[in-house]
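I've put the structures underneath this note.
Common to both upcoming complexes is subunit A, partnered first by subunit B, then by subunit C.
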Partner chain A sequence: MKHDCLVIGGGLAGLTAGIRCAEAGLKVAVISAGECALTFASGSLDVLGRVPGQGAVRRPFEAIDTLAAERPEHPYSRLGGEAVAQAMGWFHGQMAEAGLALGRAEEQGENQWRMTAAGALRPTYYSQPAVQPLGWEMFQSPDMAPKKIVFVNITGFLDFMPELAARNLKQHPSLKEATVEHMNITLPLEHGHGATADTMRAPQLAYAMGNKDMDILSRVMAERIQQADLVVLPACFDPDLGSEEQGSTRLQQLRMRTGLNIIDVAALPPSVHGLRMHQALRNRFRALGGFLVPGTQAGHGMVKGNRVISVSTGEDLLFADHFILASGSFFSRGLDSKKHEPSQPCEVKEPVFGLDLYGLPENNLDFSSRRFLAAEGQSFTRCGVALNEQGNPSMNGLALKNLHVAGAVLGGYDPVQECSGGGVAISTGWEAAQQVINQVKKESAQ
Partner chain B sequence: MNLFNINSGGFTSDRSFDQCLKCTACTSQCPVALARPDFPGPKQCGPDGERLRLKSPDFLDDALKYCTGCKRCEVACPSDVRIADIIALAKDKYGNNSFKVRDFVLSHTDMMGTLTRGTAPLVNKLTSIKPVKMLMDKGLGIDQRRTFPAYARKSFRSQYKSVAARQENFVRKVSYFHGCSVNNNEPELGMDLIKVLNAMNIGVRLMKKEKCCGVPLVANGFHKKARANGELNMASFEESLNGGSERVVATSSSCAWMLKDEYPHILGVSNENVQSRISFITRFLANEFKSGNIPAMKPVNLKVAYHSPCHLIRAGGVIHTLKTLWEIPGLELTQLDSNCCGIAGTYGFKKENYETSQSVGDKLFKQIEASGCDYVVTDCETCKWQVEMSTSKKVLHPVTLLAMSLA
Partner chain C sequence: MRRLETDVVIIGGGATGAGVFRDCCLRGMRTILVERGDIASGTTGRNHGLLHSGARYAVTDSHSAAECIRENRTLKHIAGHCIERTDGLFISLPEDGLEYQKDFLDGCKRAGIETEVLTPEQALILEPSINPSLIGAVRIPDGTIDPFRITSSNILDGREQGGTLLSDTKVTGLIIHMGHVRGVNCIDQRTGEHFEIRSRQVINATGAWCHEVMEYADLSVDMYHSRGALLILGHRMNNMVINRCRRPGDSDILVPGDTVSVIGTTSTHVSRDELETMEVTDDEVRVLLKEGSKLAPSMASTRILRAYAGVRPLVSLSSGGSDRTISRGLVALDHAETDALPGLITITGGKLMTYRLMAEVATDMAAKHLDISTPCTTASRPLPGALLSDDDKRTGKKAQVGGYSLADSSLPKSVAGSAVYRHGERAKDFVKEDSKWNNAVVCECEVVTRGEILYAVDKLNARSLSDLRRRTRVGMGPCQGEMCACRTAGLLAETRNNQIEALDTLRDFIDERWKGVRPVLWGDGLREAEFSYWVQEGLLGLGGSEGNKPDETTKEKTSLEKSEVEANP
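And then the complex of A and B:
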C-alpha cells in the first residue's frame, strides 16, 4: 500500500509535518534513523532571539518581517511573521493535546528568557511547562532583576555545574549587584540500586530519585535558602509526560513545599526536557493515526522527471505520492561533508536526493571558524537545501514537485546564532505539510 | 570484509567504537540504564569501556551482565556504533563464563524442546505448580513469578508431516526456518503460515535439519555451540535454496535478524551465499502484496495495538509488518509507543533480572491496558510471553491475524 506522504526524519520538523498531515486525514509514515536533536535540546522553543548586528529580539514575529527584507534566503522570509506565528500557535495546541502545556511570555507575541546550564540567558518563545516564565523586563535593569539567585545541584551530578553557572550569570549587566550563590545537596537516591550521581546522566538521575529524595531536597532547601528570588536546579525531575495535568510534577511539589521560586534548566545531554517533548510529539502523531518507523535510514531517492517515486532503505524501496525531507543537519546526517585535500574546500552534499544547496563553501577558511562560538557564527550552519520561490527544492536546477523540505537540512539560517532552530523546524514542517495537503486536495478534485 | 572487525586470539572485536561522538543519545534510550541506574549504560559499557578493556581486561565492569542486548542503543546512535555488539563480544571475551546449569537450561531451547517431547503435558503442569516453581527459583535461579511458555504436545515438525506432500504441488516454494519456539511451544503459528502462504499459491518446505539460531546461546555465553549451530544452518539454507526454494523465511524477528545480519560479525559464521535470500516473514509478505499476490480475505473487525519488537526495529523491519497489517480488511490498527517489553529472550527468566525486566516493561504494559484493543500484535515470541504474562491481553503474530482473515 502506498502512503499519501512519507516523511524522512523523526525530529521536531519531521514530526510536526507528520502531525499536520495526519490531522488532515492523510495516510502518513515517518521514518527515522538515530535519535534526533531534541535529545540535546533545552526543551524550550526559540523563534527568533537575535538578529545579527541588532542584538536580542523582543518581538520575534515583527523581527521576522524585517529580516525577510534583508535576507531573502532565510526560511522565515518565504513564510513571513504572521504564518510563523500561526504555525507556533497551532503547535502549542497540538502539544497541549499531548499533555505538554508550553508556557509563553505574558504579552502575546513576545519573547521571554531561558537560562542555560552554563548560566547564560537566551531569548526564547515557549518554555517547558514546569518553568516559570522569565519575563522580558526581568533582566532589563538591575531594579527589575532578581536580587538573589541560588543554583542547587545534587551532590556528584557532573552534568550541571552550578559554580560555573553562578559565575557566568554574575556577568550579566543587570545582575552585577545581585547575590548569586550555589550549593550541593546530597541525596540517598532511593531507586539508584546503590549507584551514585556521578555515574548518571540526567534521565537516569530522574529515575533514580524517589519520594525520600524529594523529602530531603525540599527540607534542606527550605532550611538553607532564605529569601531567594530564583532557585535554579538541573532538569532531572519529571522524565515522563502526563504528570503535569494533575498539578503534581515533582518540580511543582518542590515549589509548594519550599515556597521558593524554582526553575529547572536542561543540563548537559541527554536532556530530560527535550526527551519529554519528543515523547509528546510521538504520542500526538500516533494518536492522530500516523505510523512511526524507527531504525530506518533513507538511502537514495528515485526521481522520474520532476517527481520523486521512491526512497530506498536497505534492500527495500518505499513508495509514496508525496515526500517530506526533514533529515536534519550534519550531525543527523541530513547533510554530509567530505574533505579530500586540505587546501580544497570540503564537499557538501544532501545525500538522499543530491539537492541543490545554499551556502556552499568556497574555501575552508570561510566555512568554519576555529573559534567554536565565533561571534559571526559558523558558516557551515547556514549551508543547506535551497528552495525556489514556490518552496520546492531542486536537483541540478530542476524543481521537484512532490518533495518538500523542512527543518535543519534547510540552508540560509543559523539556528545557534539567531536562536531560531525550534521556530524554523516547526514553521517549515507545518508549511511543508500544508503544501502536501493542498496538492492532495487539488489532485482529488481533478 | 568488515573494516571494523578485528580478530585477535580467536575473539572478534568491534572497532566501530572509534566513530563514537560521545553524544549520549544511546544512554537516553537504554531501558536498563533508566530502570536500574547502577547499569552505567551503553556509552560507558560499549565504546568508552572497550577502549579501556583493550588496554587491560581489569577494566571490565561486572555491570555488563545487566545489558539485555535489546539494541535500542544502536537504533539511537547517530554514528553507527555497534554498541550492543561491543558489549556482547566483551561479555564473551572477558566475562566470567563459569558454567551455570540454569543458563544452560534456558539457552538450549531446541534441546529442552526435544527432551520434554512426549512429556509436554506433564512438564507444563510441573512448571506451573508452586512447589516446582519454588524449586526452580531456589535451585536454579529461574524466577518463580514468571509464567513458563507451555510446551506443545506435538512438535511443529511432526504436525507438518500431514501437509508436507501437498507443498510440493506448488510451483513456487519457500523454505521455513521455524525456530525453537514454533517447534516446541507454538506449532499453530507454523501451521498458520502454511495456510497463508498456500492461499497465496506458495508451498512451504522445511529444512532437512535446522538448529537453534543461536540468539539465546550467545546471550548466555555459549558461543561455541552457537557457532556450530550457525554452520549447520547455513549449510541447510544453501541446500534448500539450491533445491528449488526461492527464499528462507522466518516468523521470529530475532531469529531472522541473527541469521541474516549477525552471523558474520557475532559468530564469524559466513552467510554470504544465502544472505540476500533470507527474509523475515512480513518483509516477504509485504513484497508479495506489493506485486499483487494478496490472498482472498474477509474483514476481521478487530481493534489491535501493534508492539514492535526491539530486534525488528534494529533490523529496520517495522515498515514491513505495518504494510502487511494495512492489507487486512476490517482491522483497526494503532501503533504502541516503541518501548522494550523487558523480557529480552532468556534475560527476564533469570531471578536476578526479574525486577528489572518488569520495570522496563512497565510503560508498555500500562499503554496496552489503556489502549482498549482486542488484541496486541507483535512479531516476537518472547515479547508475546511477556505481554501475556504482564497484561490482560492476548497476543497474536501478524501471520496468525492474516490466517484469521483468510476467506
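And then the complex of A and C:
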C-alpha cells in the first residue's frame, strides 16, 4: 500500500503531523520505534517561555516575532507568531475531541505557570485540565500570590519531593511571606497487590489506587488542610483518558470532596500526564483513519534526484509520495553521535537520510556548557536538521522537495532553556503537514 | 575565638589521614582529623583503585614491590569488604615482545610475589576480554580496592574509638610557639568561623598539598606532582585486572570495580597551581582510548561513562648531584629531626594501598614523642564491615549478583546483597525487615536504599550528595544520577538536617558529575545527558525559577574569592 504521506516518528511532532494529514483526508501512516519524549514530559505544553537575555515571556506569540528577527535559524522564525498561534489553537481542538481538555490562561495568548515537583515555576502555555490555571499575575507580587501552599505526597513515593519543593518554592520572591507546608498521607493502595508506594513509579501508583484510597485521601486532606490557596499533589491520578463528562476524573472528585484548589504536577518519569497525552494523540490519529505502525524503526531512506522514494524498515520498504521526518533528537535516536577518530570532535548524523545539520561541534567541549544547568543552555540541543528558505531539508546541499521535518530533530533551538519544546513540535508538525496537504492538492488539481 | 584541645591533630582526610586517625585512636590518643572538604575528596577519590600485587614495580623498584605485596596480603585480611580478589594478568603483546617477561618474573620472585605463567589460550579462557593477539601472560595476585569504602571504614573505626572528624574544615596555619608546633588554625568552610585546635602533635597528611602546610612553618619540600587521567567504562568489561607486561607506561592497566571498569592512566607533570584543575582534556581521552583498546579491543565500542583525573603526591628526593630519583614509596618526615621543628610530622607519597603502612610509620613517630608505647594493631584488627568470615560470599561478583543473604532475611537478594557488599556486617544497622520504607530502592543502578542513605547521613557523616555518592555509590552507575540524585535530594530535605541545603547540594552534584561527562560526550553518553537535561532542567526546573535563579555571577565570584584565599593563606 502506498501512502500519500509517511511520517517517521510517533512522538508529539509526528502524531500532530499525522493527525493534521488524516484530518485533511490524506492516506497517512506514522511509524514509531519506541519510547518518545512524552514519556518524560510534564504534560503542560510550552510555546516560548524564555528568550535568552530577556527572561520570562508573558506573551509568547508576540515574542516569537521578535525572536524571528534575531535568530533566523530558529524553527519558529519561518512560521511567525500567528501561524504558531493558529497551530496551537487547532491542537487544542484536536485534544478536546480526544477527551483531553487542556487548560489555558484566562487572558488570550498569555503564558501561565507550571509548578514542578522540585518547587520551581516555569512559564508554559497549555496545562493539563485544571480548575484554575496558575495565571501570569499570580506570582508577580506577594499581594497576588497564594498565601498558603501545601505539598502532599503519598507516603513512601520517592519520585515526588515535597520537602525539597516546599523549601525551594519558599525562595520565590513573590512567596517570601507565604506559608509553604508539606505532608505525607499513607494509603493502603487497594489495587497494589500488597506492593507499597516506595516500589512504584507514578503510573503504577495511579493504577494501584482504588476508591478506598481516594476516600482516605480526601478525608485526611479535608481534615488536615485548612484554608490553603493551593494544594500540590504528584500526578498519579487518572492514568487513562476518560471518555467521561466533566467532573468525573479522580482529581476533579478530589477537588469537589475537599473543597481545595488542587493541582497535580508531573513526578519523575514515566509521567502520567505525558503518557495520557500520548494516548490521546494516538486515539485521535486512529479515529481520523490514520495508520499507526508501532515498534518499527526507520532504517535507510532511498532518494532519487530531489525526491525521497521509500524508507526501509527491517525487511520492508515503505513507499509514499511525501515524507515527514519527526524522529526526535539524540535520546530518541533521530540524531546519532559517534566518536570515530579520537582527535576529532564527535560526528553527528541524521541516520535515515544523512541530512545537512545545523550546529555541529567544532571540538568536543564546544558541544556543551561548562555548567549543566547553565542559563545559556546546552549547544548539543541546538544541533539538528537545517532547513532552507522554502522549509525543505537538504542532503549535501541538494534540497529534498517531498521531505519535511518537524520537532526535536530540527536544529536551531534549545527546547529546555527556552521552554519551547511542545510548541515547536506542534507547530512544525502542523506546518509540515500543511505543506504536504498543499502539495497533494496541487498535484491532484494538475 | 573558639579553641579545642587534643593530643593529635591530623590534617587531611584521604586514605592516609584516615589511616593515621584510626591508628592514633586505637593507641589511645585523643585525636581530631581536619579535612577541608569531604573524606576521600582529594587524590584518594581520584585514583585507579588497584590493589597492587607489587608486580608493576617488580622490575623498576623492588623496594616498592615488596612493600606492596606485604600490604596486599594485610588488606585482604583487614578490609575484605573493600577488596575484590580478582587476581591480575600481565599480558605481552606482539609489539612488546617476550623479553621483558623474563625480567618481570625474576623481579616478582625477588619481591616474593607469586606468579603463574600462562599460555595465550589459558589466559583467554581466564579473561576473555583481553587482546587475543597476545603472545604470553603471567597471573599475579592483583586485586581491586574501593578507595571511598576503605577511607570511610577507617574513619568509622576511629570515631567509634572516640576520635573526632571535622570535615569541611580547612587548616589555614600552624600555631608555632618557641620553636614548637602547638596546634593549627582552622576555618569552618560552611559557617566561615575561625577557630584553633591546640595539640601536642600535628600530622600533615595532605598528600599532594603537603607543601602548603609545610610552608606555614617556612619549610619546603620538592614535590613532583604527577597528574593521571582515567576513563570509566559503562560496564564491567573484565573480571581480572589487566596490565601490559612492559615498562610501566600510559594507559596500560584496566581495573574492574563494582559495576564498571576503569582504564588508566596518563602521567603528566603539573605545576602546583594546577592541582585544582581536574577537567580531562581531549588529548588525554585520545591516549587512553588508543592504548586501552590494545589491552581489551572491545573498549573501542564500549560506552564511556565519565573521565576524571588525580594528582599523585610524589616527592623528588635528591640523591647527590643532579641525579634525581622520584620515589613511589612513602615519605615520612619527623620535622623534629629533619628541621629541628618538634610537633610536626609529614606523611606523603606512597600509594592508596600502602596507606596503612604509612599511617603506622607516622603514628609511631607521634607515639614516640607522646611517650605512648601501645603497639600498632592495624595490621591484624579487621575494619568495621570486614568481620564476615566468608570472603567469597561477601565480596565476589557472585555475591553481588546472587546476593548475600542476611540471616533470616526475606528481602530481595539484590537489596541485601548490595548492602552487605558495601558495608559488610554493618549492613545490619540499616537493612531491617520491618522498616518498610527504608528498603525502598532509591538508586536502581547501584541498588542503594533509603535506609542506606539515612545510615550514611547519620553514622558516616555524609553532608552532601557527593558525600553520599562516596559512601554508598548512589549516582555512580550508568545513568550518572539522572533521577536518583533528585530522589536522594528529596530524602535529604526530608531528614530536616539543617546542615544540608538539599537543592544546593543537588546542583553541586549535578555540576560535579557533568565535569566528568563533558570530555566524553557522544553516543549513549550524549543520549543520557540529553535525557538528564530534559528531566533535571526541563521537567524539574532545577536551574531555578524566573526571578529565583541562583545568581551565577555571585557563585562565580565566591569561588574566585575562595581560590584567592587558598593561594595566600
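Simple rule for what comes next: the second predicted complex is superposed on the first by the 436 of 446 C-alpha atoms of A that agree within 3 Å, B and C clash if a C-alpha of one lies under 4 Å from a C-alpha of the other, contacts with A are read in each partner's own complex, and residues count from 1 in each chain.
Basically, contacts are C-beta pairs under 8 Å (C-beta built on N, C-alpha and C of every residue); 3 or more make two chains touch, one makes a residue touch a chain.
Predicted, not measured: the structure shown is a model, and the values here were computed from it.
Colleague: On the A-aligned overlay, A:E315 touches which partner chain: subunit B = first, subunit C = second, or both, or neither?
Modeller: first
Colleague: On subunit A, which partner touches more residues: subunit B or subunit C?
Modeller: C
Colleague: With both complexes overlaid on chain A, does A:T296 touch subunit B (first), subunit C (second), both or neither?
Modeller: Once the two structures are laid over each other on A, A:T296 reaches subunit B alone.
Colleague: Looking at A:E163 after the superposition, I want to know if it touches subunit B, subunit C, both of them or none. Which is it: first, second, both, neither?
Modeller: The answer is second: A:E163 touches subunit C but not subunit B.
Colleague: Pick one for A:L189: touches subunit B only (first), subunit C only (second), both, or neither.
Modeller: first
Colleague: For A:A29 in the superposed arrangement: first (subunit B), second (subunit C), both or neither?
Modeller: A:A29 sits against subunit B, while subunit C stays out of touch.
Colleague: Return first, second, both or neither, reflecting whether A:L205 touches subunit B, subunit C, both chains, or no partner chain.
Modeller: first
Colleague: Using the touch definition from the top, say if A:L217 reaches subunit B (first), subunit C (second), both or neither.
Modeller: A:L217: touches no partner chain.
Colleague: Once the structures are superposed on A, label A:P269 by its partner contacts, choosing first (subunit B), second (subunit C), both or neither.
Modeller: Touch partners of A:P269: subunit B and subunit C.
Colleague: Would you check which partner chain A:N283 touches, where first means subunit B only, second means subunit C only, and both and neither mean what they say?
Modeller: A:N283: touches subunit B, not subunit C.
Colleague: Intersection of subunit A residues contacting subunit B with those contacting subunit C?
Modeller: Shared contact residues on subunit A: 40, 199, 268-269, 331, 333.
Colleague: Name, in rising order, each residue of subunit B that touches subunit A in their complex.
Modeller: Residues 21, 23-25, 27-29, 33-38, 40-41, 44, 75-79, 276, 283, 287, 289, 308, 313-316, 318-320, 322-323, 326-327, 334-335, 337-338 of subunit B touch subunit A in their complex.
Colleague: Mind pulling up the subunit A residues that touch subunit B in the complex?
Modeller: Touching subunit B: residues 1, 29, 31, 33-35, 39-40, 189, 191-195, 199-201, 203-205, 207-208, 239, 268-270, 275, 279, 282-283, 286, 289, 291-297, 313-316, 318, 331-333 of subunit A.
Colleague: Give every residue of subunit C touching subunit A within the complex, in rising order.
Modeller: Residues 282, 285-286, 289-290, 436-437, 439-442, 450, 483, 486-487, 489-494, 496, 502-503, 506-507, 510-511, 513-514, 518-519, 521-523, 526-527, 529-549, 552.
Colleague: Quick one: in the complex, what on subunit A touches subunit C?
Modeller: The touching residues are 37, 40-42, 50, 55-56, 116-118, 120-123, 139, 155-156, 158-164, 167-168, 171-174, 196, 198-199, 266, 268-269, 271, 329-331, 333, 337-339, 342-343, 346, 363-365, 367-368, 370-375, 378, 380-381, 415-417, 421.
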